[in-house]
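One chain, chain A, links the two complexes that follow: it is found with chain B in the first and with chain C in the second.
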Partner chain A sequence: MMKIMSGNEAVALAVKFSRVGVVGIYPITPQTTIIEELAEMRARGEIDTDIVRVESEHSAMGVTLGAAVAGTRAFTATSSQGLLYMHEMIWWTAGSRAPVVMVVATRAVGAPWNIWNENTDFMSERDSGWIMSFASSPQEALDLTLQAFRISEDPRVFVPMMVGMDGFILSHTKTNVYVPSQEDVDQFIPPRRQPYVIDPETQESMGNIFQPVHYMKLRQSINDAIQGSIDVIKEVGREYEKVNPLSDYKTLNVQYKLEDADYAIVTMGAWSLDAMEAIDKLREKGVKVGLYRIRYIRPWAEQEIRRSLEDKRAILVFDRATSLGRAGPLYLEMKATLQSPMKGVIAGLGGVSMSKKDFYEVISNFIEEVKFGNPNKVEWYYPGEVKYVELGTPRSAY
Partner chain B sequence: MSSLSFEYQFFPVSHPAEGAGGKTGNWRVVKPIVSERCIACNACFLWCPEGTIQVRGKRAEVNYEYCKGCGVCANVCPVKAISMVSET
Partner chain C sequence: MSLGLQDLRTNSLLPGTSACPGCPENMAMRMVGMALGKNVAMIVVAGCSSVIQGIGPKNAYGYPVLNIAFAAGPAAASGMWRAYKQRNKDVTVVVWAGDGGTADIGFASLSGAAERNEDFIYLCVDNEAYMNSGGQRSGSTPHGAITTTTPEGKRGNKKELLFLMLDHNVPFVATASVGYPQDLIDKLKRAKDVNGFRYIQILTPDPYGWLFDPSKTAEVAKLAVQTCYWPLIEVVEGKVKVSNESLHCLKKETRRPLKDFLSVQGRYRRISEKDYEELEKYVDSLWDRIKSMS
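Coming up: the complex of A and B.
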C-alpha cells in the first residue's frame, strides 16, 4: 500500500512494525516527530511498547542499552547536539555488543545554533563501532530501519545499527512511501536474538574492567563483526524484497548511469536525487557521467566501491560534512580506497540548499578541470545566493 | 546462511570473581558476616566493588580472600542481614 508520509512518520511506522519493546524518548529537532508519533501510537493503543521518558539523550541511550541487554528489542532517535550528548553511551552500546537501533535525523552542530541539515553529527560517530547506513528518501528510511533490526540481531553481527537521514529534507518532507504489511514484516524479522542476557539469576554482568589483552581482542571482534556484516547486509537486502517488492537492496551502495561513465560523482543522502537530475542534463549534452551513492558508511564496502569506480577517469565527492582542518569525511574515505584523480567538494552545510543547477555547475567545472590539469583538491562551494555574503559579527568586540 | 565463521565473536560479559586488585593483605579491619536473615535478593552481589559475593542457594557467600572490608554490602542489604565485624 502506498501512503503519503514524512521520513519521521515512516521511521515511527517501521518501529511499530518491528514490535519494539522499549523506546527511550527525548525530543530534539528535527527528530522530535518520530518519538511524538510513537507516543501517540501508544496512546491510541496501537503498540504496547514501553515508552520511557528520560532527562537527556545520554539517558535515552542508557535506557535503550539497558533494555537491550535485558533481552528486549530497543530503539531511540536523536539529532545533532543530542547525538553528541549520547556519545559516551553510543560507545558503551557498541562495546557491549548490544543489538540496538537508532535513527539520526542529521543536523548541524553548534556553536552557533543552527537547526538545519548537515551530516557532520552523523559522520562524527564513524569510529564508535556501530553499523551506519544513510537513507536518501523516506522510503529508504523505513526500509533501512526495518532491515536494521534484522542485521544487528543476526548472530554473525551483534553490533548496534544507526540509520541516518537528512534532517527536515527527509524528516519533515512528505512523499509516497510503500507501506508493507505487518504479516510480511513478522516473517522478515524473527523474534529477538542477542548474544547474552543480563539477569540477576545468572549473576552475569557486562562491561566490567577488562585486562589489556582481553580488551584488544574484544575491539577486534567488533571490527571483524562489522566487516563481516557486508554479507549479512546483502542477504537481508535480498530477502527484503518479500517485504517491499519495489525495493533493491542487493548491494550496499547504489549506482546510477555509472557503467559507461568516464566521470563518477559520489554522494550520500537526499541530495543524491538532485545530483541525478544534473547528471541527466549532462548526459543529454553527451557528457558521460554517473553517480555512486554511498548507503553504508560502516561497514565500508571497499571491494564494491573499487569494482564500481576504479576504471573511472576522475571522481568528484560531495560532502555535507566536514572534518575541520582536513577535508570532507566521505572524500577522505574515498581517497583511502581509490588511486584515481579525485576532488572533494564541501557544500550544503547548516541548511544551505544545493539545487540541481548547482550540481550541474560544480560537475561541469570539475570536468573542465580534469581536461585541463590536475583536479586533486578540496573546494568549499557556495551556491549563488550565498556566494557574496560577507561574514560579519553582530557586535564587534573591539 | 552463508559460511561466515563465528570465531571472531567475543562478548564483554563476566562472572563474579576475585577482584582485579588481587588478594587482600592483612590490613583489613572489618569483615562482613551474613546472617540467616538473608533473603537471597542479590543486592550485595550487584554492588560489591570487588565482585567477591555470590549468592548460592539461599544465602550470600563472601570470599574473604579477596573481600576488602569496605562495607558496601552491609549498607545495601535491604534486610540488614550483613554485619561488619572487627577482625582485630
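Coming up: the complex of A and C.
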C-alpha cells in the first residue's frame, strides 16, 4: 500500500511494525514528531509499547539501554544537541553490545543556534561502535529502521544501529511511501535476540572493570562485528524484498549512472537526488558522470567502494558535515579508500540550501579543473553571493 | 554475626571483593542481600561499588549487575523494570549509587525518575565525598569537613537529599545507617512491598575519607545517629516515623553532644568553634524540619 507521509511518520510506523517494547522519548527539533506520533499511537491503543517520557536525552538512551539489557526491544530518536548530550550513553550502549535502534534526524550543532539540517551531529558518532546507515528518502528511513532491528539483533552482529536522515528535508517533507503489512514485517523480524539478558536466573553482569587486555579484546570484538556485518546487511537487504517488493538493498551503497562514467560524484542523504538531476543534465551534454551514494558509514564498505570507483578518472565528494580544522568526514573516508584524484566540497551546512543548479555548477567546475590538472583540494561552497569568509574576530567572520 | 541476624543468610556479597578493609559499602551490600532475597537485579552507578565487585568477567556480587555511567542509573532502572513487567517477571530493580552520583551528577535523572514514580528502589550509599576518586568534596559533604579538594574545610552545608526527595512526593523515603543493620533491613523489607519509587539514603562512614581506624566503621556510623547528626526516619505516603534509635533527637536536651561524633574523625581535626556552631545549627534545623512534618 502506498501512503503519503513524512520521514518522521515513516519511522514511527516502522517502530510500530517492529513491535518495540520500550521507547525512551525526549523532544528535540526536528526529531520531535517521531516521538509525538508514537505517543499518539499508544494513546489510541494501536501499540502496547511502553513509552517513557524522560527528562533528558542522556536518560532517553539510559532507558533504552536498561530496557534492552533486561530483554525487550528498545528504541529512541534524537537530533543535534540531544545526540551530543547522549554521547556518553551511546558509547555505553555500544560497549554493552546491546542491540538497540535509534533514528537521528540530523541538524546543525550550536553555537550559534541553528535548527536546520547538517550531518555533522550524526557523523561525529562514527567512532562510537554503532552500525550507522543514512537514508535518502522517507521510504528509506522506514526500510532502514525495520532492517536495523534485524541487523542489530543478528547473533553475528549484536551491535546497536542508528539510522540517520536529513532533518526537515526528510523528517518533515511528505512523499509517497510503500507501507508493508504487519504480517510481512512479523515474518521478517523474529522475536528479540541478544547476547545476554540481565536476569536473576542467569546472574549475568555487565560493564564491570576489565583488565586492559580483555578491554582491548572487547573493543576488537565490536570492531570485528561491525566490519563483519557487511554480509548480514546484504542478506537482510535481499530478504527485505519480501517486505517491500519495490526495494533494492542488495548492496550497502547505491550507484547511479556509474558503470561507464569517467567522473564519480559521492554524496550521502537527501541531496543525492538533486545531484542525480544535475548528473542527468550533464549526461545530456555528453559528460560521462555518475553518482555513488553512501548509505552505510559504519561498516565502511571498502571493497564495494573500490570495485565501483577505482577506475574513475577523478572523484568529487560532497560533505554536509565537517571535521573542523581538517576536511569533510566523507572526503577523508574516501581518501583513505582510494588513490584516485579527489576533491572534497563542504556545502549545505546549517541549512544552506543546495539546488540542482548548484550541483551542476560545482560538478562542471570540477570537471574543468580535472582537465587542467590535479583537483586535489577541499573547497567550502556557498551558493549565490558569498565568496569570501574573513578570518578575524568571531563577529566579523559572519 | 551477633545482633540477632543469624537467620538472615545472604549471597549478595561473595568472598573476594576489592573493597578496602572496614568498607561500609560492603556492609550495606550484605544487608541488602539479607533484606531483599534473590529476585533482584542491580544497577551500579560509577563509584567505589563499581570497583568493589572485582575484575570482570567475574563478579563478587551475588546479584546480576548492570554497571553504568554516573548519571544514567535511574534512567536505566526505568527501562529495566518496564522490560521485566513486559516479560511478566517479578524482579526488584535496585539502583546503587554513591552521594556523588545521587546529589550531583546524577540528580537530574534521579529527580526525573522520582517525578515519574518509576517502580524501583534507589539506594544512596552516602559517604559524604567522592571516595572512589580519592576523597574530593561532593554536594553531600558536610560543613567544615576536610576533603582533598577542600583542605581548608568545606564551606556550606550538606545538600539535603532527604528533603529534596521528600519534596518529590514519592511513596517511600527513608534514611538508615550501617551502624544499625536491623533498622536498615526492616526498611528495605518494607520498601520491597511498596509500588513505585522508593528512596533510601544509607550513611556509610568511610574510614579512608573520614580518617578513622577501619575497625571503627560501625561505631562511627552509630555515633552519627546517637549525636543526631544522622536521623533514622521513614516516610511512607507522607507519614513520618522516627526509628527508636533516633527518638531522643526530637528533644534538644536529650541529644548526645555532636563533638562525640566529630572527635573520632580526622576530617574534623582542625574544626573551629564557628564551624562547630554551624554544624550544631545544621542538626537543629534538620530536626526542626522532621518535627514539623510529624
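Rule of thumb we're sticking to: the second predicted complex is superposed on the first by the 383 of 398 C-alpha atoms of A that agree within 3 Å, B and C clash if a C-alpha of one lies under 4 Å from a C-alpha of the other, contacts with A are read in each partner's own complex, and residues count from 1 in each chain.
Simple rule for what comes next: contacts are C-beta pairs under 8 Å (C-beta built on N, C-alpha and C of every residue); 3 or more make two chains touch, one makes a residue touch a chain.
Quick caveat: nothing in here was measured; it's all calculated off a predicted structure.
Undergrad: Following the overlay on chain A, give me a clash-or-fit verdict for chain B and chain C.
TA: They clash: once the shared chain is superposed, the two partners overlap in space.
Undergrad: In the superposed arrangement, which partner chain does A:Glu204 touch: chain B (first), chain C (second), both, or neither?
TA: In the superposition, A:Glu204 touches chain B and chain C alike.
Undergrad: Using the superposition on chain A described above, determine whether A:Ala225 touches chain B (first), chain C (second), both, or neither.
TA: It touches chain B, and chain C stays clear.
Undergrad: Which partner, chain B or chain C, touches the larger number of chain A residues?
TA: Greater contact footprint in residues on chain A: C.
Undergrad: Which holds for A:Ala67: it touches chain B only (first), chain C only (second), both, or neither?
TA: A:Ala67: touches chain C, not chain B.
Undergrad: Output check: A:Met89 vs chain B and chain C. Expected answer is one of first, second, both, neither. What do you get?
TA: It touches chain C, and chain B stays clear.
Undergrad: In the overlay, answer first, second, both or neither for which of chain B and chain C A:Leu330 touches.
TA: Neither partner.
Undergrad: Regarding the shared-chain residue A:Gly24, is it in contact with chain B (first), chain C (second), both, or neither?
TA: In the superposed model, A:Gly24 contacts chain C only, not chain B.
Undergrad: Could you tell me if A:Arg156 is touching chain B, chain C, both of them or neither one (first, second, both, neither)?
TA: Touch status of A:Arg156: first partner only.
Undergrad: Now for A:Arg53: first (chain B), second (chain C), both, or neither, which partner does it touch?
TA: In the superposition, A:Arg53 touches chain C alone.
Undergrad: Jot down the residues of chain A that show up as touching in both complexes, chain B in one and chain C in the other.
TA: The overlap between the chain B and chain C interfaces on chain A comprises residues 96, 200, 203-211.
Undergrad: If you look only at chain A, which of its residues touch chain C in the complex?
TA: 21-22, 24, 50, 52-56, 58-72, 74, 88-89, 92, 96, 198-200, 202-211, 214
Undergrad: State the interface residues of chain A toward chain B in the complex, per the touch definition above.
TA: 95-97, 155-156, 158, 195-196, 200, 203-211, 217-218, 220-221, 224-225, 228, 231-232, 235
Undergrad: Considering only the defined contacts, which chain B positions touch chain A in the complex?
TA: Touch residues, chain B against chain A: 2, 4, 6, 8-16, 20, 42, 45-46, 51, 54-55.
Undergrad: Over in the complex, which chain C residues touch chain A? Could you list them?
TA: Its residues touching chain A are 38-41, 43-44, 50-51, 53-57, 59, 61-69, 71-87, 89, 91, 108-109, 111-112, 115-116.
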